[in-house]
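This is the structure, below, for whatever I ask next.
Going by the order they are written in, the chains are A, B, C, D and E; count residues from 1 in each one.
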Amino acid sequence: MAKRPTPTEFIIERDEGKCIACQVCVRMCSNDAHSYDPETDTVTSDSTKCVGCHFCETICPTGAIIIKRNPSEFKLNANWSAQVIRNITKQAETSGVLLTGMGCDKPYPVYWDHIVLNASQVTNPSIDPLREPMELRTYIGRKPDRIELTAHSPQSTEKNKIPSAMDYRLLTKLSPQLKLETPILFSAMSYGSISLNACISLARAAKEIGTFYNTGEGGLHKDLYEYGAHTIVQVASGRFGVHREYLEAGAAIEIKIGQGAKPGIGGHLPGEKVSEEISQTRMIPVGTDALSPAPHHDIYSIEDLKQLIFALKEATRYSKPVGVKISAVHNVAPIASGIVRAGADFVAIDGLRGGTGAAPTVIRDNVGIPIELAIAAVDNRLREEGIRNQASLIAAGGIRSSSDVIKAIALGADAVYIGTAALVAMGCNLCQRCYTGKCNWGIATQDPYLTKRLNPDIGTRRLVNLLRAWSLEIKEMLGGMGINAIESLRGNREQLRGVGLSDTDLKLLGIKPAGEAW
Amino acid sequence: MVKRIYIREEYCMGCRLCEVHCLVQHSKTKNIIKAYKGEYPKPIPRIIVEEKGYVSFALQCRHCEDAPCLEACITGAMYRDKKTGAVLCDEDKCIGCWMCIMVCPFGVISRNIEGKKIASKCDLCVGEEVPVCVKNCPNEAIVCEEEK
Amino acid sequence: MRYVLIGNSAGGIAAIEAIRECDKKGEITVISDEPRIFVRGKPHINYSRPLISYLLGEKVTLDKMPYRGEDFYKDNRVELILNRKATKLNLKKKEVVLAGDRKLPFDKLLIAAGGMPVIPEIKGLNSGGVFTFTRLADARNIKNYIRTNKVKEAVVVGGGLIGLKATEALMELKIKVVIVELADRVLSATFDKKASSIIENALGRKGCELITNNTVVEIKGKNKRAEGVILKDGKKISASLVIVAVGVRPNIELVKNTPIKTNKGILVDAFLQTNIKDIYAAGDCCEAEDLLLEMKRPIAIWPAAVRQGKIAGFNMAGARKEYPGSFAMNSVELCGIPTISVGETYPEGKGYQVLECFDQKNSVYKKIVLKNNKVVGAIFVSDIERAGIYTGLIKDKVDAASFKEHLLKEDFGLISLPKEYRKHLVAGEVAVI
Amino acid sequence: MKKESKVFRINARGLYYKELNEKVHQAVNSGTEELVLDNVNGQRYIGDGLAGDVKITINGVPGNDLAVFMDGPTIVVNSNAQDGIGNTMNAGKIVVHGDVGDIAGHSMRGGKIYIRGSAGYRTGIHMKSYKDLYPVIIIGGTVRDFLGEYMAGGLIVVLGLNRERSQRSTVHSPQKKIKGYGLPTMDYRLVGNYCGTGMHGGTMYIRGDIEDYQLGKEVKKFRLNDEDDKMLGKYLKEYCACFSLDFKEVMDTDFVKLIPHTHRPYGRLYAY
Amino acid sequence: MDRFHEKDISGCGIIGIMEQSGKRFSGRDIITSIASMRERANGLGGGFAAYGIYPEFKRDWCFHMMFENKSAMVQTEEYIRDNYKIVKDEIIPTKEDKSIKYRPLLWRYFLQPKEEKKKLHYDITEEDFVAKTVIEINTRISGAFVASSGKNMGVFKGVGYPEDIGRFYRLEEYEAYIWTAHGRFPTNTVGWWGGAHPFGLLDWSVIHNGEISSYGINKRFLLNYGYVCAFFTDTEVITYLFDLLVRKHKLSFEVAADILTAPFWDDIERQSEEKREISQALRIIYGSALVNGPFSVIVANTNTMVGLNDRIKLRPLVAATSGNKLYIASEESAIREVCPTPDEVWMPKAGEPVIGRLKGKNG
């Protein structure tokens, strides 16, 4: 049966006056949207094949190509949007589950955009971060309730000798900590979902900046072992690539329970993507499907989680923090509390807008809660229980800018994970087709023809640039508030005000409305 | 300081933008649209991209230290620029005997037979700070480094 | 340190450059029997020999002949003695004796005296209008002769490279040329029949007559001027110009009757030194290593002369460099058809494999000769692009087993080569060329 | 010929700052060229916006913002001074025989501040020169963090003269009085951290060395050349004369020069 | 009450004088001294803390109370009687002054906690019990405020210029070995008596100049340890931080200062390994107790008086000694006003505490 043509999403517009038929676009499009006709020496385009990745537009040397949204419209209908109709048509034809990449794109309110920051005026000088010290260093890990020091050393009682902290000896043994020079980490993205070059870019950038990237559940490629000191290795339900060396290679271990884009859902790397290299890294035979079950089948309850946490701590001789990543769901606060009490050194919470390489659209768009509310709730809950210091909180899921970062921290996060933002830095234009493996930017693909498009030198540089720029902006904002160390902002909700939020939202976020003084 | 162009084949996407920009640089007008659409004879690039499967790389004169083309040139047209170390062809002296083509192990000298026959090769974009292929390679697969 | 160089062409000039790279101070004296040429009042003190046919054919003008500019000798502080022949070597005194008895003492001597035309046994060789064709003076003399005698027909004796280049030049001057070649085809030394046939056809199309398996036995003349030739088979051909181009041989006159060992040419070791210390030889006059045949023999080609001169120069100036050897190769465009031949092009014996494609209609011919899976020779006619890659394979003796089937493909390139070999070429990571 | 003017004395004890400054202005307006203020303690703004060729001697500790916006007079303080002396000063001279507090010479555009003792934080912050105005601060003792922060022009000299005698931090154990001006120094470190951070103009000469980590990232350290020696000598001689110090002795230790890398340290900060 | 929900921001003048020998002296000097810094206040708040003023009741907890109405007093007394034995109670003597427009009812109580009540809270100390009382009264009883709750000490404060407040409370008639005083320049609150400084809890008193930008997190950090910040004042937060660190976590003032004004990471990197380990641990564990923003503060308890600056020295602080007397003030002139020729005068370094201790005691 013939497939009913659906209107294309994009229109490729080629300015014939500018097109020099150099065929760069033809060579570069992995979806074969452009073709060259030697007879007429012209290049033509087929808009139906365009996914809107904008690679050709970016690379065209004469700027002859513009990718536009198809102006063809269905009859205006608030309920039955073009997207809805397209989806129904697709499903009517295929009987398949709609698949998508990247995070939720539904217009739920973005609370970040309804929160504003404070700045000093008169009563308190703002600080100039370019010239005065400004500290973003952050430690991720369990902190004790208090410090224990030995009593004064005998010399310190000498006349006129004032003892300082340095005249004591430290009795407290700190739990292992991750030292971050800026409170931003790269979120879990597995080798498999993204290319090795993308992984290398993340790893090198993490090293250069002094932060961490996360392996996701793809295992650790042999070329990435050298970045171990900046790696968080993930243990997920599929346990791919998880073995002793892997656990020892990283600086920290993260147990992945859930992911913001698909709470309650497992994962699936199709066998055709399991190449020789991926097979070695994930430790599964070439060509077999890599299935990540929805739950860990050794964790059906919180005490089971505790069992795994301590199994991992035992395996690594208590030398590195073990954290747990969960999706932000309705019950996130008590769950997080349970996780902290189960011994996790950090809890990563991935919000509704968290990204993915592939997820059923219906899950991505409808399950979970925004990270802003989740962080506020969890931080509150842990403080109420007096256990906030026992674990660090990492906020994830749709962190788009330095202002999102700083607001997340002021709401109570210790640090944030960025995933999509890192991908965008490397070139991604959010065409949401990661699952096709045809990523023209060489990121979400294993096709050797495409992966080489991401030169890790460039990837690293762009990621480093992004983190440097954000860090500087964070410093500027901190300075504006008269704060010169990030720990003075962490959980400091007094520096936040809500704009256009309901009383309930404000209450949940624990912030005052804009216009209200201290 | 002598600069060398290095090719990193693992990052060559095979887009051939280097060829496009090389052609434009060595055109009369140096205007991309005119070079392609308005110049006759059509200028030719001095860089070539080799491609096989997913492997590709751009190639142009390596300006070898021990350049065989310098030895093979019977007219003395091929010379080394003292300042940049580049191997250049004095097109005025070149008579198109193709001895250089015979000895170049990279196969990066080509015959320009439009008009006077001359050997056409990379000149490191004389006058440009960085050769245009290096400057315009979108993936930094062609890099220009000072000789180690 | 006193360096004396005999010869002011490829070998000599390369040696000057090499010596000056290592020794900025030593005295360099160059002796050449070539005269100074004045072009519009400006003296030119060297020229490129291969260009004489272009000069004759009026493809280049006299002012384009110099291989190195006037400043070359000044910049390198070279004393140049032109128009003077070195007549004798006094090995004991380490002296070169010049015509006119001037004596030049040396610490290091380079003999780069080049080659001499082979003169066959032909009656009437001393007639007017009979020329060899190896020097600039030959080209100028031929030109003058043609002009003054309104030459319309010529015979070229010898269908080798020089003969054909001369033929081409003469045809440019609208002279009808008959080539008489002893072998069964032109360019028999480097070409096979298929390659030769393309050139022969092209020559024919241009109106040149080719007589093979034959030779000139006598030159007939009137008033001591040539008017025609008689071939071995008795055939007569009228011609007022006869160019004898049956080959060149090393010029070893100077070392005759000295202890310096010679075979066909002057014998040298891997450092281009003769059997006598401090005396070196380079270029067409010497016999150095043939990389392919793994024996010593004269290889009278420009690139080899330059390389030898350079290596000799380095060694003379104290840097110890070994000559890697070379092999026969040539690039020549005939009748507008570019051709390149490299190495063993016409293999005889076991262990060879020949790959070829021949498109007679379009005059395209490609031939690759392999021995024990290594490329040892190649011929390219018409399509010569990237021929140097093959030359490189021959030189580096690359095992071609893994890419043999790609050798003749349209898109053959470095990409077809093994990654490890390609790596050093492409990335320049290891300079082992 | 300059008219011999009578020294005008004011007893400042118990005077509110407004009253004191009113008296000073009245005296200056009526042609007084030399004033002595006795028993000053904490009165602010002495010399504020004052212009002309006037000399004011202060006995006691003047309050904050001494000589703020001053445009010509000379003020001699025979004791310590508090925060903000010479704030946005345009011309004139302040001579302090003791220590001074924080932000001495803030945004100072011209004139001189000669301090025999030590200075606090952010000394010379945002000091700048303009046309023929060239501000100079010389500190006899030591200075704290952020010396010359944002400095855009002018000259700062730190001598560290009394450093050797007080190798200790600031806790309050009894300290020997230092002969000559009777007040203890505040810190044994010559210069604090973040020295010259944000500096984009001007020059500092430090008598003795300074660790690289103490320097702001915009600053470069050099040895002095002849030009520098001349420049330094010119002001230092005047300084030594003020405090009866031996110029040669002061010069017997090597100085380092601090100047900014660039006049536009943040040229590449922004993404457009 | 609204005033409870507005964070206190103020610029101020502060001074503290301590006779480290324990010898007591009259409040005259402190009034003179703070008066000299009148420019730093605006008449919306002034106050004093005095240690050693009730030697005859030195074993009893002394609550200085402010009642806005009679019913507040009734409720409070009822609550106190429930939990304490009242050793003595009296009105706090004042001298009417026309500059003091309105005043609450000022009363002081000398108290002993009832044993049986203390026993109900087997897991807390007597101090915790008292602190709990204070917080209960302050948060539960409308119109009642505990100005101070230590032994042998008291806080005297109100709305007005400090020197007027001092004379109003007749402080010349008291003798103490530590006096601290505060003149306040609030920027947002209409002055109210309870909101003036010093802030007192148990024998702590804190006076402070500046604004604390880390307030929001300091407050939430304290919540983790059971401190409910009810007054939205920076001083309250600093008081609780000292109480937590020094009294509960048994850290010295020096270490507490290293927490409140932690050294920069760069400085820590340059420390010896052993020192670095401690500094790092302090910042990691007590990062949320870092006090950020400009401040200078004088904290006192029975044995100690400490002056401390923020770590980049954004507020002024000068110290001086004269014999056993330690002076700490916003301005040198304030010291010289009462001590014209001190033995030494110096400016403490940013983040470095100036500590006065009672002789023979170890803070």
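Here is the rule we use: a contact is a pair of C-beta atoms (placed from the backbone, for glycine too) under 8 Å apart; a residue touches a chain by one contact, two chains touch by 3 or more.
All of these numbers come straight from a predicted model, not from anything done at the bench.
Core chain by CA centroid proximity to the global CA centroid: A. Simply put, of D-E and B-C, more C-beta pairs touch at B-C.
Taking the mean of C-alpha positions as each chain's centre, the chain lying farthest from the centre of subunit B is E. Of all the chains, the one whose CA centre sits at the greatest distance from that of subunit D is C.
Computed centre separation for the pair subunit B/subunit C is 28 angstrom, with centres defined by C-alpha atoms. If you average the CA atoms of subunit A and of subunit C, the two centres end up 69 Å from each other.
Chain centres here are Cα averages; for subunit A and subunit D they lie 52 Å apart. Chain centres here are Cα means. That of subunit C falls 85 Å from that of subunit D. Of all residues in subunit E, those touching 2 or more other chains are 266, 312, 355, listed in ascending order. The set of subunit A residues touching two or more other chains comprises 132-133, 162.
Touching two or more other chains at once are residues 8 of subunit B.
Here the touching chains pair up as A-B, A-D, A-E, B-C, D-E.
Against subunit B, in their complex, subunit C makes its touches with residues 14, 48-51, 54, 59-60, 64, 66-68, 302-303, 306-307, 310, 329-333, 338, 340, 342, 384-389, 391-392, 395-396, 411, 413-416, 422, 425-428, 431, 433.
Here subunit E touches subunit D in the complex through residues 36-37, 39, 266-267, 270, 312-313, 316, 318-319, 321, 326, 331-334, 336-337, 340, 343-350, 352, 354-355, going by the rule given at the top.
Interface of subunit A with subunit D (complex): residues 128, 130-133, 160, 162, 469, 472.
Taken in their complex, subunit B has these residues touching subunit A: 8, 10-17, 19-21, 32-33, 36-37, 53-54, 136, 138-141.
Within the complex formed with subunit A, the residues of subunit E that make contact are 6-11, 187-188, 210-211, 213-217, 219-221, 223-226, 232, 248-249, 251-252, 254-255, 257-258, 262, 264-266, 271, 274-275, 277-279, 281-288, 290-294, 311-312, 314, 355, 362.
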